[in-house]
Amino acid sequence: MDPESIERKYRRGVFPGRFQPFHLGHLEVVKWALKHVEELAIVIGTAQESHTVVNPFTAGERIIMIRESLKEGNIDLSRILIIPVPDILMNSVWASYLRLFVPEFDVGISRNPLVVRLFKEAGYSVLVPPSFERNKYSSTRIRKMMIAGDDAWRSYVPNAVSRIIDMIDGVKRIREVIGGD
Amino acid sequence: MDPESIERKYRRGVFPGRFQPFHLGHLEVVKWALKHVEELAIVIGTAQESHTVVNPFTAGERIIMIRESLKEGNIDLSRILIIPVPDILMNSVWASYLRLFVPEFDVGISRNPLVVRLFKEAGYSVLVPPSFERNKYSSTRIRKMMIAGDDAWRSYVPNAVSRIIDMIDGVKRIREVIGGD
Amino acid sequence: MDPESIERKYRRGVFPGRFQPFHLGHLEVVKWALKHVEELAIVIGTAQESHTVVNPFTAGERIIMIRESLKEGNIDLSRILIIPVPDILMNSVWASYLRLFVPEFDVGISRNPLVVRLFKEAGYSVLVPPSFERNKYSSTRIRKMMIAGDDAWRSYVPNAVSRIIDMIDGVKRIREVIGGD
Amino acid sequence: MDPESIERKYRRGVFPGRFQPFHLGHLEVVKWALKHVEELAIVIGTAQESHTVVNPFTAGERIIMIRESLKEGNIDLSRILIIPVPDILMNSVWASYLRLFVPEFDVGISRNPLVVRLFKEAGYSVLVPPSFERNKYSSTRIRKMMIAGDDAWRSYVPNAVSRIIDMIDGVKRIREVIGGD
Amino acid sequence: MDPESIERKYRRGVFPGRFQPFHLGHLEVVKWALKHVEELAIVIGTAQESHTVVNPFTAGERIIMIRESLKEGNIDLSRILIIPVPDILMNSVWASYLRLFVPEFDVGISRNPLVVRLFKEAGYSVLVPPSFERNKYSSTRIRKMMIAGDDAWRSYVPNAVSRIIDMIDGVKRIREVIGGD
Amino acid sequence: MDPESIERKYRRGVFPGRFQPFHLGHLEVVKWALKHVEELAIVIGTAQESHTVVNPFTAGERIIMIRESLKEGNIDLSRILIIPVPDILMNSVWASYLRLFVPEFDVGISRNPLVVRLFKEAGYSVLVPPSFERNKYSSTRIRKMMIAGDDAWRSYVPNAVSRIIDMIDGVKRIREVIGGD
């Protein structure tokens, strides 16, 4: 019997983010969350947007980055759902809108104060994960390194993400996108 | 006979704003407008947005803030309509879109040069209210005070607004929203 | 003390409809609802649509039809809110979306099984009003009479509605709309 | 001097339609309209839709069908604008929305009673063209012939339209679309 | 070595449907498709709609119905992606829009002539699965049985689907939805 | 025979821009493009927006500015299409969406790195026009001059644009728009 299952008091948790890109801090949150929930739905927000400075990658690319990173991290995929969700642009409706795309869930997982509030206003419990060196692991910081030509960004993401970004020539894309904005 | 009715040359006026929140300057505009129009439609714009730094309160909350403020100010509610209208994001269509939500009107009321222009381009008369210490009574300034923890904001809004914001724990909301942006 | 207030166990109720047009059956529901709630929000649905066979009148026209009918019926307007709400086209999000436009409410009022379900799924109590001769008082039936040139429709609506429809030449509009569909 | 210019009392007219496809009846309307206006804007409505039973062709395909038909009919293209406009789904706003896409115009051209009404409500003059054997020249009838495999549809459209529909294999498309609805 | 892998000539296939609900015919398509592709993305279309007669179940409910059915059918989940996609309402853009939500794919899988056409117009290969008794296994037919109170629908869906529909009281929902349409 | 036709290896090119307003640099691009393509579709992007600081002019006004400028420049209008296209806000779908509004094309024309990339990702050839003193001819710079009251902007646009902006009182509009933002 899995000794960690004692802690798992929630049936299904939701971990929303934009994951532009998915990094090692996100991976730590996933591992941490799996100690508390039986199943985890990773919600890829702003799914409709890509090829912009803040959202360079498509939802499809982000799905595959996350999936491959979890495989690489030996995470049991049968406990994971990866669900892209386009923006709704009405914050007070957001939690209810999420419920449309995600199977029934009983806990939200986030460090973002607005997201925590929106989950709570909709009646959900919330788990706030530890910070996992947030200053170090930051998608914004990683995108800035890519733009600046600093290859150090690779050390902040799972190998799978680094590999996929190369495959889609993602660093070139983000630089071209800046030129067009 | 009401001596002020002499001045009332318009049948129905429209006073658009976001009212985030409704303050004493807005209340002065309402009182002033009621000298010129028989009936006043207060249009709550950007009705779809809430829980953001510039639009912290829902349309429903803003409706009740305005209604209670008018009661407190002894304004005859039978001469007032309060109508929430979501954004349309096409300025040149805005006046026509407004006409969809508001009963037939013959004058627009605003100090905002763009709004004045859009009313005029659509063939409406416009009344520009006096400034009523605009630098002092400003929703932006009130929200900044809330964020900064300066309780002085209460002196710039009707008591009803202050009371409703407390009831919905609005100051806490606006601070959490900032953290999540 | 108002003897009927004993029955009023809800703070604020929501009565949604399209009101194309508002008829005597709707008026009975409003009177009935006011026995159970302190304040009633009449929500005008499909607010964005007009000039179609099923939705001939604009939200603004419907606001004024309802308001004048309530005045004619001697209903205390200080206990009434009339709020237009555009469609959202995602049923499971509808109740949450309604909460965006309507001040906090604790009961839904409807005979429509879908609407009843959506209120309940969102955790609201629901009051189902008596039928008030629904076969007789039906907006669909009234619109059909208008199209057929049967003036009997006037006996199914408040005088105010009849008067406003004349003022906006509404019968002619509904007939022209049919020609263009 | 062009003797017909005597009749031309309008500066710019708007002729809206879906043109699925553009047929000889439409061509007659264009010729007729050019007697009354100096410049004619042909507005291709429901521009966003294609590959459906009622809207098989894209806006781009319709633009080229119209343009080539006008060339074939020796119509002076310098007096013509062809402008695709997506649906807005709010009838009362439609004329104002049209004004966003079309250079300033002073007359609407239509036989559709709803369209005539919407132009008039927005303050425009309207020219109602003669019927030009409307029962014979009808896009709906033409699409039905295509579906039924009746090649007679070709006699109701300009040669250019027949040629372009062949080029894009349009008859096959409309039949496959039916299978998928 | 897996002898069936010889047949797998495509890297990733896309199987779109509304799955209202997922039935045994769909399951056969999935099994068949896995002989031809290494990975299969099951795309849940019209993801935004629920609580209507043709789309009674939410995207979240459909995700879990499919996932549990695949587990029950001993299908290797590491070869499956389940991705909800809201409607775009522009057929000619649909395949490109799909590419936004789905990781890079090289073949579409469908029997629907319109869907086949849209995949082909976008340059994709298409696999048309065998019919698998389509007259028998039909979501429309299953929903009709539910409405008629005919429990035979259970024999046309995986046990998991039957169980989940009971859990969410789905038959009652579909009947109430009809009453409100 | 036209000696330049030797160079024309593309059938139809697409030149997208916002043209707020159309200036002499744009005109040079059009002339240059016509050496390479038989027909040029000038696509007016962000067609839905007007009366804002970055998009002061409506699509209709921009159509007429471009058309009159081309006439003034003696450009053969029978080789030009001017097509307004509203934003889609999903970059990866943009080229496919463009294909909906524009007749079949085989080359994109742009200096914008993002636009170049989006054309290429969709499989189109791209022609990058020479710079034509881009620092001098810039819509942003022209709008800034208008706001600052510097009449020198007139020397950077075709006379037709200058004349049309006067006719619609465009400089006043852009200044009022700033006041209302």
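For reference, chains read A, B, C, D, E and F in written order, and residue numbers begin at 1 within each chain.
In this text, contacts are C-beta pairs under 8 Å (C-beta built on N, C-alpha and C of every residue); 3 or more make two chains touch, one makes a residue touch a chain.
All values reported here derive from a predicted model rather than from experimental measurement.
When the C-beta contacts at A-C and at D-F are tallied, the pair with the greater total is D-F. Using the mean of the Cα atoms as each chain's centre, the chain most removed from chain F is C. Separating the CA-averaged centres of chain D and chain E is a span of 39 Å.
Annotation: 48 Å between the Cα-based centres of chain C and chain F. Counting only residues that touch two or more partner chains, chain F has 48, 50, 58, 90, 92, 99-100. Chain-to-chain contact here is organised irregularly, matching neither a line nor a ring nor a star, and falling short of all pairs touching. You'll find the chains touch as A-B, A-C, A-E, A-F, B-C, B-D, B-F, C-D, C-E, D-E, D-F, E-F.
If you check the complex, the residues on chain B that touch chain C are 47-48, 50, 58-61, 63-64, 67, 71, 77-78, 81-84, 86, 99-104. Listed in rising order, the residues of chain F touching chain A in the complex are 89-92, 112-118. Chain contact summary for the complex, chain C toward chain D: residues 48-52, 58, 173, 176-177, 179-181. Of all the residues in chain C, the ones that touch chain A in their complex are 90, 92-93, 95-97, 99-100, 122-123.
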